[in-house]
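Below is one structure; the comments refer to it alone.
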């Protein structure tokens, strides 16, 4: 049915899904209670789905000096600047869950500056915000501020790439009117 | 040597490179006359390199209703809004080469509105620019304008994802002070 | 205790409160389960509290061609542009409650353009947004658009004054670091 | 007559005015030589007029650590950012009168940064300007700058509320095309 | 004396002035009652003064399809966008004088959109404003709008060059803290 | 022929040109290999051409504490903010030629912050950029920063006037769709 499409584009999923994809989606349903719509949106072309989820998993789930919560915090702050309904909904829920602090999730969605953050987190989010609003003005002293806050060279790479990634997905979600799964709204309130 | 690092971050390439990566880089050298610095920049962690180049290749090189030149045009226009030196240099060269029109490359770098484009290209670049500057304001009539210009649902997906991708890489390049290979500057002038 | 102050300014409430004020606060506790912090913040000077709540009540609670929900929708959209944590929290909860639609509240907080609104509501919120972002550019055709959507002269006055009011309170809240009562976060999810 | 209405909305004054309102307007005529159009604009509904003038009088005329001139200076600077013809005209005249310095009034209308102000006034106007342009970015150091310039907690409250108030009235005036009384233009030149 | 310098730069006038310059300044004093400070500011180097006044006179005083009032209106609107105290003061006075309408001068200083203008003037000022705020987005339809309003090719050239000129002088005046002669403030009120 | 006009305005050159103008254009052809289109664009009215080239020559070619390269660098940075195709093309070529460093020209066109500049040049370009983006916010400390970098009062005047000049010509070029001579594109690559 057209109305169940996850975006405003008429691009239905491959049917049937290849076995590997079906298994991936089944795992999502088991662990998250749903298949995130961003995956369904890509599933009209399995090569695109694989390339997207490959980068997503590397950035958000692989080992990093940044905790998963920190990466989700970056996701929400970038998405707040870009006012992306999909990503604020999905990653706002993730911040609420991982932090066990519903108010923190709300603050990052609404205005991260009001959140009670430590120096490391504040430096990280300030950098992510500047990358989002005025990347061409980033200078060596911005990177130095991250180093001063205790981040390694790899950590800075990861901050930059997570913030960059959501500047991509925010725009793709808005450009295609991608809608988040309803399940997110009530999670971890 | 530190000075040969492709970014301001001290993240040297894995040494020696795994065989597959070495082959990939050798192919680049054969075909392009260089290994693009964006690849070297990722090569401190081969999983990150593979995830990045996986998405890049899917978006920029795979089959699409958009020609390779059109995808490079989007890359340059997005990078112009974001004032990304790396991407303007590398993809400006690509536009000059693929179009055989050096002036077109300059125009897209400087101000795409002065370029003599057909309706299809103008609609595509207008959408990419709006995604870059104000993605949260994109509405159904913006997608309709693309359909009216002859783009299919898949084409719109591709426009959105190519424009999104360079909003990621522009920011990563600026955030890490990534420098383009010198070879690009004189190409196809 | 300093930490219970509702803003970053050291301005404790008059103690004891005058009888009328105490009754007003008791009514709040009965009906809302709390005394909203914006009232406590003003209560260091009862004349200021009375003047503020006088205007608030006239705009938000008095008879109007705009429903209470519509006025709360304006409050949230204005507060979203201004990224005011206090007002997004308090009036986001009000939208969720009055509409019985938690997702609507989230949408207005994050990006009102994604909400599924009728023509009347869309015209109203577009006007409130333009007033917030670029009031000096409002012209007769903007008022005509409201008339075309069915609003009377009094309704337009009310839209303008509700939108204006939250442009005041958003700024006062941010300027004083006013914090919303914790009770709002979980309401009507 | 329609042409004598103080705004673009067809909302004529209650006729006859209630006795108290009539007296208030008579006092205005005696003291100011006119009834300010903002009062006439509200007088289609006396409850709205009373609520508005109640807050106005509390903020602009009641006792405060800020002089009346200082409050008018804030009014003009906020109105300059918002380019509000009504408020720049009426409160620009007030600054010229209260300061006995016509050039000061002009400077605040045109670009307050060129005015020869003391440290206290400069800090106050900088804060009011930041509240107007980017209230969500106000932080504790902004309030500290006011304390360092000698302002008390109550003074900071008053600065915030006066600046907030004109962010409301500027927008209401522009949204309704409210016109200032002609008498202001030549006053105190 | 340093305090009589027309800018914040320590660049006193050539002393004595060459005979031609002295005559030019004497004519100014006769006709305007003063030597405009912008001329004194340039007079540290007579070649610069002559080049500047050569272009000024050609644009503002030579024959044109635009009346002198219309050129002054453009000057004020451009200077309002740029918030240039010098040019708003000097050319605001010129609009008041040439139009015999003090309120028109105020409106153009504060917010030209509130002025009661005919179609020709509105088209002209809209174009000048767009040139000032977003010149890179001017397109053929903007020029067509001027032609539709009755402007010739030469007129459009003149609009563009007058608007351009004040984008130069506004910035030079602000960059050097150039101060207008006090005489302007009370003129033609 | 209409298509050879240097702008979108139908304003052909005086024909024949006066002898002095013809000689000036012949010199251009000898020294530059072309008559710059900006001169042809003005040549529909020789008084306008003379006034324009008089100021241009005074600012860009006369003696100054700024080298010709430095003045061209300012031209390119201002034109980059304003995204002026004509001036970026013509003055980008000049920077490449005068510096013998093609990459420097590209960097200034794309994002001057990535260029490897000394303190003097960086201070100069920062000032020119601020003049272009936010001239009304320039304050004494901005001029002090130039003095600290070694610039004299005359040098600061020259920086301000060169930056101002290109804020004029950028806007005139965009407003009239002025096109640069094709010869520039391949120069000094």
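Letters are used for the chains, namely A, B, C, D, E and F, taken in the order the chains are written, and counting of residues starts over at 1 for each.
Here is the rule we use: a contact is a pair of C-beta atoms (placed from the backbone, for glycine too) under 8 Å apart; a residue touches a chain by one contact, two chains touch by 3 or more.
Quick caveat, the model's predicted, so the values are computed rather than measured.
Enquirer: Using just the Cα atoms, superpose subunit C onto subunit F and tell me the rotation angle to the nearest 5°.
Expert: It is a rotation of 180 degrees, to the nearest 5.
Enquirer: Can you compute the centre-to-centre distance for subunit E and subunit F, using the mean CA position of each chain? Integer Å is fine.
Expert: 22
Enquirer: How far is the middle of subunit D from the middle of subunit F, if each middle is the mean of its Cα atoms, in Å?
Expert: 44
Enquirer: List, in ascending order, every residue of subunit F touching at least 2 other chains.
Expert: Counting only residues that touch two or more other chains, subunit F contributes 83-84, 111, 136, 177.
Enquirer: Given which chains touch which, is the overall layout a line, a ring, a star, complete, or other?
Expert: other
Enquirer: Please give all chain pairs that are in touch with each other.
Expert: The complete list of chain pairs in contact reads A-B, A-C, A-D, A-F, B-C, B-E, B-F, C-D, C-E, D-E, D-F, E-F.
Enquirer: Where on subunit B is subunit E touching in the complex?
Expert: Residues 111, 113 of subunit B touch subunit E in their complex.
Enquirer: What residues on subunit A touch subunit B, complex-wise?
Expert: 8-11, 44-45, 47-48, 50-52, 54-55, 57-59, 62, 82-84, 127, 131-132, 135-136, 138, 140, 142-143, 153-154, 156-157, 159-161, 163-165, 167-172, 174-177
Enquirer: Applying the document's contact rule, which stretches of subunit D touch subunit E when the two form their complex?
Expert: The contact residues of subunit D facing subunit E are 80, 83-85, 88-89, 102-103, 106-107, 109-111, 114, 177, 179, 182, 185-186, 189.
Enquirer: Write out the stretch or stretches of subunit C touching subunit E in their complex.
Expert: 136-137, 139
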